[in-house]
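As written, the chains take the letters A, B, C and D, and residue 1 is the first residue of each chain.
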Amino acid sequence: MPKKSSNGSAKKKTYAYLGPVGTFTELALAQVIEAKGQHWHPVSHVQEAIDLVVSKKAFRAIVPVENSIEGGVSATLDALAAADNIRIYGEYLVPITFDLVARAGTTLKTVQTVATHPVAYAQTRKWLAANLPKHQHLPATSTAQAAADLLKNDLAQAAVSASTITNHYKVKVLAKNIGDNKNAQTRFIQIGLAGELPKRTGSDKTSVIVELPSDRPGTLLEMLEQFAARGVNLSRIESRPIGDRLGRYRFNIDAEGHLDDEAVAEALKGLHRFSPKVLFLGSYARADKEKSVHRGNNSNVEFSSADAWLKKLQRGK
Amino acid sequence: MPKKSSNGSAKKKTYAYLGPVGTFTELALAQVIEAKGQHWHPVSHVQEAIDLVVSKKAFRAIVPVENSIEGGVSATLDALAAADNIRIYGEYLVPITFDLVARAGTTLKTVQTVATHPVAYAQTRKWLAANLPKHQHLPATSTAQAAADLLKNDLAQAAVSASTITNHYKVKVLAKNIGDNKNAQTRFIQIGLAGELPKRTGSDKTSVIVELPSDRPGTLLEMLEQFAARGVNLSRIESRPIGDRLGRYRFNIDAEGHLDDEAVAEALKGLHRFSPKVLFLGSYARADKEKSVHRGNNSNVEFSSADAWLKKLQRGK
Amino acid sequence: MPKKSSNGSAKKKTYAYLGPVGTFTELALAQVIEAKGQHWHPVSHVQEAIDLVVSKKAFRAIVPVENSIEGGVSATLDALAAADNIRIYGEYLVPITFDLVARAGTTLKTVQTVATHPVAYAQTRKWLAANLPKHQHLPATSTAQAAADLLKNDLAQAAVSASTITNHYKVKVLAKNIGDNKNAQTRFIQIGLAGELPKRTGSDKTSVIVELPSDRPGTLLEMLEQFAARGVNLSRIESRPIGDRLGRYRFNIDAEGHLDDEAVAEALKGLHRFSPKVLFLGSYARADKEKSVHRGNNSNVEFSSADAWLKKLQRGK
Amino acid sequence: MPKKSSNGSAKKKTYAYLGPVGTFTELALAQVIEAKGQHWHPVSHVQEAIDLVVSKKAFRAIVPVENSIEGGVSATLDALAAADNIRIYGEYLVPITFDLVARAGTTLKTVQTVATHPVAYAQTRKWLAANLPKHQHLPATSTAQAAADLLKNDLAQAAVSASTITNHYKVKVLAKNIGDNKNAQTRFIQIGLAGELPKRTGSDKTSVIVELPSDRPGTLLEMLEQFAARGVNLSRIESRPIGDRLGRYRFNIDAEGHLDDEAVAEALKGLHRFSPKVLFLGSYARADKEKSVHRGNNSNVEFSSADAWLKKLQRGK
């Protein structure tokens, strides 16, 4: 629970994030301009961050949503699907670079056990196998916690952490940039309770979660045609098991454009009729600033002209 | 041009139809309840009938649109595509039965030349080949004219006409029901200038003419998806060359439902954006009275609920 | 029936065509290189031409198939759908130019009745309305017959015919090039009994007639996807009522490519499984010589590589 | 690396699985009939299991592929995508039931720290929050390891493990069946080097990994149409980031049917032409024994009849 200081800072807004200090999520939070000078509250689970938002103990939560090295992707997608009144207010890209860090005095040769989050471990496995072929892995709840624990106990001799970890803990770097994929990045989102939508910028994204009707084959195709018929491109589609039984999936979809783009609005209404359950997660500015264009004459101008045409027909003109 | 009588019948509304009296089109006109007691005006070309409507010399025109034996189908489709301000107000089905008729005193054995419209000739060719193997065909502008001419000159000894021709001309029947297809019927439509649409009955049809974008392959599929994405079934699709050069087609489409069905309205707006040219021809009651149902939860109730949902989202709820 | 000359020319092959001499169909026949010096046999109906082929009294038939001014398009499509063992061996384009012709001594002012085929009449209606506002139309079985009849009787004073009619009959030209559409052309096909297919040229067309399953909506889309899934473009699609009752259609389709293109072969096999009835009408060289390209890596080379890949998988490699 | 015993058991085949003994994966391995009496070799990572197969140190590997509570799903999908010569030979369903276990003498009240794998922790979070509101979570590499460690050190007082854990370790059960979802199950697969495919049973599944062309929008729809055009249903589709940069995905697909079903074979060949990269992962019997039926007349009998038809056409018949 966010602590409130005694000196009036209670008026600060609380931003929950996957902590502790030194995680990649904190680097994402640092990109949120409005969060500057506000209260940053580290938590240890995506679900916990979202719970704080739902219970209004935090104003917003910053959580990873794609290709995270601190886990949380499935957790985030599932938490979004379970919540009811949650919206995404922004997205942020963080480049992922790992260092191997240790207590002062440690050398690579003396490392027997390497602590880190399992996903970070998976992403540095090649380097570790080549350079520390006999090491053991000690799972940690985050890459930052792994580094912090080095200073508390000697269960491990080294940790795999974000390169920025040295800003927070007195650890030394044994090896730099040891990730298997040098271009890795993680996408984070800012989550809050439903409220006024971010304004349309022309470079927007709209996120929904859609379930498919189960009474006939071919419904995934039908669902995608709801977007295609309005010229709306998808920038991401990811299936997740619904969880009641194997073989049923929900789809997390990021579509190009804003709810104030008529093409997107009409596609969403189509989904609402088509799908047994569709969850709107928000319209927000794209981190990559690319323009959202709707194929096939589906701009707002063309929607408005089609509307005018139809109204004329209905009046018998 | 419609004649006006001197006794005040000028206030009668004029219904143009493919004549002369005794054609199948006249039988269709007899089904138009509002036309009873009005002025029935026979013409000899579909284009002429439509021209009378466009120039306001006729209130409505009755013309064949599908599977006609008096021709005029292509003519009707092309005339509809060329006009601008024309609407369909109703459709009518007429069963097609042909008789071979002749002047009094004629017997089958003495028939050498058979007069009739070329399409009627095509549809009775088997019977004629079997029963009059050596006959000649004399083309006529209509089946009724062929019968009428029997009483004026002796270019032909017999005519193929509608079974009801004996109501109009003193001809005798040499053979009954000689059509190759005993279940043949023709669909006729009532055409007028754009005006108030017929009310939605729940058993309606909406007709449009659509051209395809020519800049990429696969546009016919895309066009059909505009209907499919809103659950709108097509009861007819017919391609016609646009005529400027071979290889370009426009599509005459009858969709199930009325412009006041949201599914149809949205599909039409989609077509308006998609197509370089779309012509609305009207919404009107179906002759077969079958209900128009839109697949996949696309009733007006479901459209309205999707609208309400979206408006709530836009308000940030 | 083709006449056989007494001097041994019986060995000549018979080409039936829509006559008499002087029709546009004869101009198409003149494009058929192999027909030079063979026996050209004019007939008065498409069905008659096809019947001669079926009964082996003619080797081939030349008939119009699209945008004809001598009619026969519907007749051709329906005759092809009814026949069983018929193939298309080539296609030919003929530009359509109409002249108004008359007996020597006639002037435009003295023309009261104009004879011609109804479709030619429809295509010259604007000129005739402007220049002969009070004329009557006398239907003829062909444009050439209309001209021929001028020299036999005086039922008409002028005829609308092909510009080449003066090669065949002693008529004078009253007005040249009176068609409404100056770029009009008609497509003709060469029909024969099933036999060895024309060789693949790389610029080919394959024609089929397909019926749709009637047990569910959306089957037109499904049918088109059989082509789309193999990257096969359609150069023409035309619906024709099946004729047993209104509302059922068969589709005449020209697809780009040859039966020896794997993409076409696989699409046809897909149609055979999908459709209650599919009729193969032939693979033949395109009149416009444009290359037939199959989108999306569907060339024979790519088909063959996919085949090799699959066979390897099946062997457990 | 699998140990070889000195007494001749070296001839036993090695089955690698996610260990240690007592994991859910071991329960899956117990379902593999051919594995009875063979050498079972526990490993600690999916990648390690697969590496053993690739290097021929293990005959087969059993790994979780869907909804696992011991993680490994993403790891499995990514490992399959990276390998080249790997096939799936079978699938197995294991119901997931969790117990809270502890050393003898422990009571619920004395539990402060709960050890378990992070995914198992996520799936029992509700029960733990309600019954141990103040507990700490200690991450473990597996649920079985968490239980094993209870007997080695006192870092935790309790572990969340599979209900069968008591067969392997002397722990007592503090609470039974504490999972949030009482119907949870995990799907496991048997992996080996490419070799003879399992025989077609009529209840089969075929797995592939497909990348999409990146040069145009709408390719996901196009890809799905490769299956739809042959009537092949998908039982699962799951997107995974390709990993070179955000925004590019590969799709893990399970299709109904066997490579020896012509519908599946043709769909796969279509994918091979369409996709820049398609990986075949195998055809194998479905765990749920449901029949694989291909919609729209796409059985082998109908494929064979279409083949025969086409061959006849090619011979000019």
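Here is the rule we go by: contacts are C-beta pairs under 8 Å (C-beta built on N, C-alpha and C of every residue); 3 or more make two chains touch, one makes a residue touch a chain.
Just so we're clear, the structure is a prediction, and the values are computed from it rather than from any experiment.
Peer 1: Do chain B and chain C, two copies of one chain sequence, contact each other through the same residue numbers, with over half in common, or through different ones?
Peer 2: same
Peer 1: What whole-Å value do you get for the distance between chain A and chain B if each is reduced to the mean of its CA atoms?
Peer 2: That gives a centre separation of 58 Å.
Peer 1: Taking each chain's centre as the mean of its CA atoms, how far is chain A from chain D in angstrom?
Peer 2: That pair's centroid distance is 25 Å.
Peer 1: Where in chain D do residues touch at least two different other chains?
Peer 2: Touching at least two other chains: 225, 228.
Peer 1: Answer with line, ring, star, complete or other to describe the graph linking chains that touch.
Peer 2: ring
Peer 1: Touching pairs of chains, all of them, please.
Peer 2: A-B, A-D, B-C, C-D
Peer 1: Which positions of chain C touch chain B when the two form their complex?
Peer 2: 44-45, 47, 66-67, 71, 75, 93, 118, 122, 125, 137, 139-141, 181, 183-185, 187, 217-218, 220-221, 224-225, 228, 233-239, 241, 243-247, 249, 295
Peer 1: Would you mind writing out the residues of chain D in touch with chain C in their complex?
Peer 2: 194-197, 222, 225-226, 228-230, 259-260, 265-266, 268-270, 272-274, 280, 296-298, 302-303, 305-307, 309-310, 313-314, 316-317
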